[in-house]
Structure formats: structure tokens, C-alpha cells
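Okay, got some structures for you below.
First chain A sits with chain B, and in the next complex the same chain sits with chain C.
Let's turn to the complex of A and B:
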């Protein structure tokens, strides 16, 4: 059996499912945002602020952000194992992606729950 | 009288430092012959040209090659199907090491075939005569058992080009499903757990090159979808 320790869920099936599920979450978020912008005629800072004061909106946004990170990781991991044949290059690339995604998620927490 | 201009990939690792294309002019006498016939006419002009063939009727799967950019069997591909203008470009199946000219090294292709255990596994006591199968269960093997292992599909699949050592490839996966779908096989679970890693099945990106080239009209992509469904219902 082929194994690979750097993939996300340790099995091809869980990666595949995660890729699908995160895509659905991102789609729902995009649809929600489009709907929101269409329904609010003149968007003000206070309306935008009020929306993001809601706990459900923060959780929904956070969930989407985590989905983006998982989706991007699985996708880029796959691309890197397809095209980067030198182990060193691949590891550097993968570390860079993990670091960037981690930073984005922590930053997202700060934006959503910060002052 | 128009001559057919054939350009063929030549490489003999013992004498050539690099592969090159050799041009032939072939007089087909206006007949719509098969590509394999053209190859034998070429061999009359230059008998150092190497290619594989055996049955010359689409049964043995030995003359898979790339004809004007598309994989297929030389023996059942008529010139009218592939020739553009008066030109025909013949290359070995892409993505595998070339042994000589149109002859490629299929070791990795066969290794993947071997890996899926292409034989019935049954741990129940042997019946006195034979294991029976209902006609309905037998029907499930249609579109699977006909594969002749010509490698046209796997060598047209980008995922197989990049990971021929880890991705089973369309041909092997079609065969994997052939045994997963067989009512007489009892090792479904073991077979599935051998395929559940990120490469063996899941490197298939649904590009469907395999379906486009299969000379037997088989559909590996559909079989791969069935394997994925089985993995899913087995794991949830």
C-alpha cells in the first residue's frame, strides 16, 4: 500500500471528502454574501459591523476560513506531489503553504474576535 | 498518386545519443489500410525499425502507440481515422521509458496491474464443480472484463505520467473494479483498504483521456467512480 505522511487526512478518501465538503461550505458562504449585498441597498459601516457582531456570522466566517485553508492545503499538496519531484523543493513549498495558511487562520481569528 | 508522409520516432539507446524523427514516404496505392500495415511497409524500407505486434486484429493489445497525437492500436486504426492531410506522426506510448523506437518498457504498467490482485480470491470452501453466478451478477462484469491491457489509457492519463509508481492508472483500476464487482470474490474489504491511500485511486482527476482512447470502448472513469462510491460506503 502506498502511504504518504504529509497528506491531510491520512487517507485518500478523507482528503477527497474534505475537499468536497469544504467546497460546499465556501459556495454557501459566497452565495450568502452575494445575497447579503443584493438585499442591503446602501451598505453602511454600522450595518456591516452589526452583521459581524453576530456570533453565528463569526462562526460561519471562521468555518469558511478553515475550509479555505483545508481546501487549499489538499489542493496544493496534490499539485506539489504531482509536479515537484525533488524532495527538498517539495518540502520547502509544503512548509511555506502550511505557514501561510496557519497565519491566515490566526489572523482571521484576530479580525473576527478582536476589537 | 499522393504519397503518405510518415514521420516515426526512432531511438536505439545502444547507438543513438538522442531520439530523432525519421521520415518515410509510403505508397498506399490509395487504399485505406491500417496503421500497422503502413508500419510493415516502412519496415520493408528500413528493417531496423522496431515495434510490437502480434494478433493484428485488436485482440492482443501489443501494438499500442501514439498516432498523430492520439493513443490507439495500430492494427485496428485505419489511415482515414488518423491521417491529417497526407501526414502521419507515429510515436511510442507517452510517459514510459523507451526500449527502442515504438517499443516501451511496460514494467510500471504491469506492476500496477499486479498490485490490484487480478484474480478471484474466495475463502469459502470450494464447491465440487464450480462457483456459480447468476446471470445478473455476471452482467456486472460487462464493460470490465474486455480490457486487453494495451496501456493506451494509462499512458494517456496525466496523473499516470506524474505518478506511475503510486497511481494505479485507469487500466489497473478498471481491473480492480472488475474484481470488486465480482459476486464470487470475497476479499472486497481487503481490496478496498489497499486502495484507500491518496494516490492509488484518488489521483484520478476525471480528465477522461482514458475513455477517449480506449480501443475497446471501455470506460475506466466510470469504474473509478464506482470504486470511490464503494470506498465511501465502506468507510462511513
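Let's turn to the complex of A and C:
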């Protein structure tokens, strides 16, 4: 039996709400990026770099990255608890996922502020 | 509720109607997008690292077949995942939560996704 000790918010309803809130944030970001790429005919490094120098873009991107981490954790937790029957295998998989997502958030901070 | 959650489903014994297939595809595309984060972050990091890095990423996404194929695959997975996600949000609003509604929305999500997959392919190539 899988308990919810490893899920995101310790409550199914909380995870449900977080999954939707993060989804809306990511959807807005995706639509923005698609619109950006479509509106710029020949993207240059200076324009691309300047975009991520903007404070609002850094906030928007960081918000999206945190949403990605929460959303992917809830989603992959759900998938792994449904299909991975062996507790050890599931634990290793979930550990890998949370480590990877943590690394992505740190990597994202480095890309946004490191350059 | 916590201890009654159905887990460890034996998929080989379950018949899949269309809404079940679109649901499992939603899950599969979610896993693909998670794996795709490695590709996306690499390209994003490299493109912002220097003018040379930007040029390398741009060149790969415009001329390297493998990179373009991966990009098309990820855009397709993202398109489907977004459509299926919006379908979830619509159904959360209590719209179309019937047997017929579920089947119609599953068909609609497939139709819209096919259009997005083709558009993504046109965009990449």
C-alpha cells in the first residue's frame, strides 16, 4: 500500500490545486514564449540576452521553473505510485526525480543570474 | 481516503476506451517532457552563455536533423499535454462530465493536438 507520505502537499486536494495553479502559470509562459519566437523573425543574441536581463522576465521565468518542479513532482509521483509496485524501485525513482527537479531549479537560477 | 486510493493497477487486464487512451497519453507526454527538460535546459543555458553559444544552439535547431527532430517531438508532447490539461480544467468546471461529454472531449483533444503537432512540424522545418 502506497501512503501519501511522499506526495507534494500531504493531501490529495492540495496536490490537485497545486497541479492546476502550476499548469496555468506554465501555460501562460509557453504561450508567451511561442508568441515571442513567432513575433521575432531573426532572433539575435543581444535581443535574447536582453530579454532575460529584464526583472519581470526573471520573475516570470523563476515562477515558471518552480511551477515545473511542483507540477512534475506531483505528476511523476502519481505515475510512479500507480505503476511501480516495488517500494524500493519507487523510492529510487522518486528520489531521482526530486533530485533532478531540485537541480533544474538551481541550474535555472544560475542561468538567470550567473551570466 | 488516504488508504483507499487505488494503486498498482494491473493494466494488462483493463480495456481502454478512448478517454482512457488520451489520459495515458497525457501521462506519457508528461514523462517525455520531464526527460525533455535536460534538452531544454542545455539549449537555454548554452544560448544565454555567449554569442558563440547562442549561434551554436541556433545553428543546431536550424540545421541539425536530430536536434530539430527532438525539438519537434518536445513541442508535440507539450502541445498534447497542454490540450489535455486544458481539457482537465474545463472538466473541473463541471463542463462535459458525462460519458458522452468525456468521449467527445477526448476526440476534440486528439483533433486539436494533431493540428498542433503538424503546426509544430511546419514551424521547426
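Rule of thumb we're sticking to: the second predicted complex is superposed on the first by the 112 of 115 C-alpha atoms of A that agree within 3 Å, B and C clash if a C-alpha of one lies under 4 Å from a C-alpha of the other, contacts with A are read in each partner's own complex, and residues count from 1 in each chain.
Simple rule for what comes next: a contact is a pair of C-beta atoms (placed from the backbone, for glycine too) under 8 Å apart; a residue touches a chain by one contact, two chains touch by 3 or more.
Nothing here was measured: the structure is a model prediction, and the numbers come from that model.
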{"item": "Contacts of A:76 with chain B and chain C, given as first, second, both or neither", "value": "second"}
{"item": "Partner chain in contact with A:25 - chain B first, chain C second, else both or neither", "value": "neither"}
{"item": "Chain B versus chain C as contact partner of A:15, first or second or both or neither", "value": "first"}
{"item": "If touched residues of chain A are counted for chain B and for chain C, the larger one", "value": "C"}
{"item": "Chain B versus chain C as contact partner of A:108, first or second or both or neither", "value": "second"}
{"item": "Residues of chain A at both interfaces, chain B in one complex, chain C in the other", "value": "1-4, 12, 81-83"}
{"item": "Chain B residues within the chain A interface of the complex", "value": "159, 162-163, 166, 193-203, 228, 231-232, 235"}
{"item": "Complex interface listing, chain A residues touching chain B", "value": "1-4, 7, 11-13, 15-17, 78, 81-83"}
{"item": "Contact set on chain A toward chain C in their complex", "value": "1-4, 12, 20, 23-24, 27, 30, 43, 45, 48-49, 52, 68, 72, 75-76, 79, 81-83, 85, 97, 100, 104, 107-108, 110-111, 115"}
{"item": "List of chain C residues in touch with chain A within their complex", "value": "1-3, 5, 7-9, 11, 27, 30-31, 33-34, 37, 41, 44-45, 47-51, 54-55, 58, 78, 82, 85-86, 88-89, 92"}
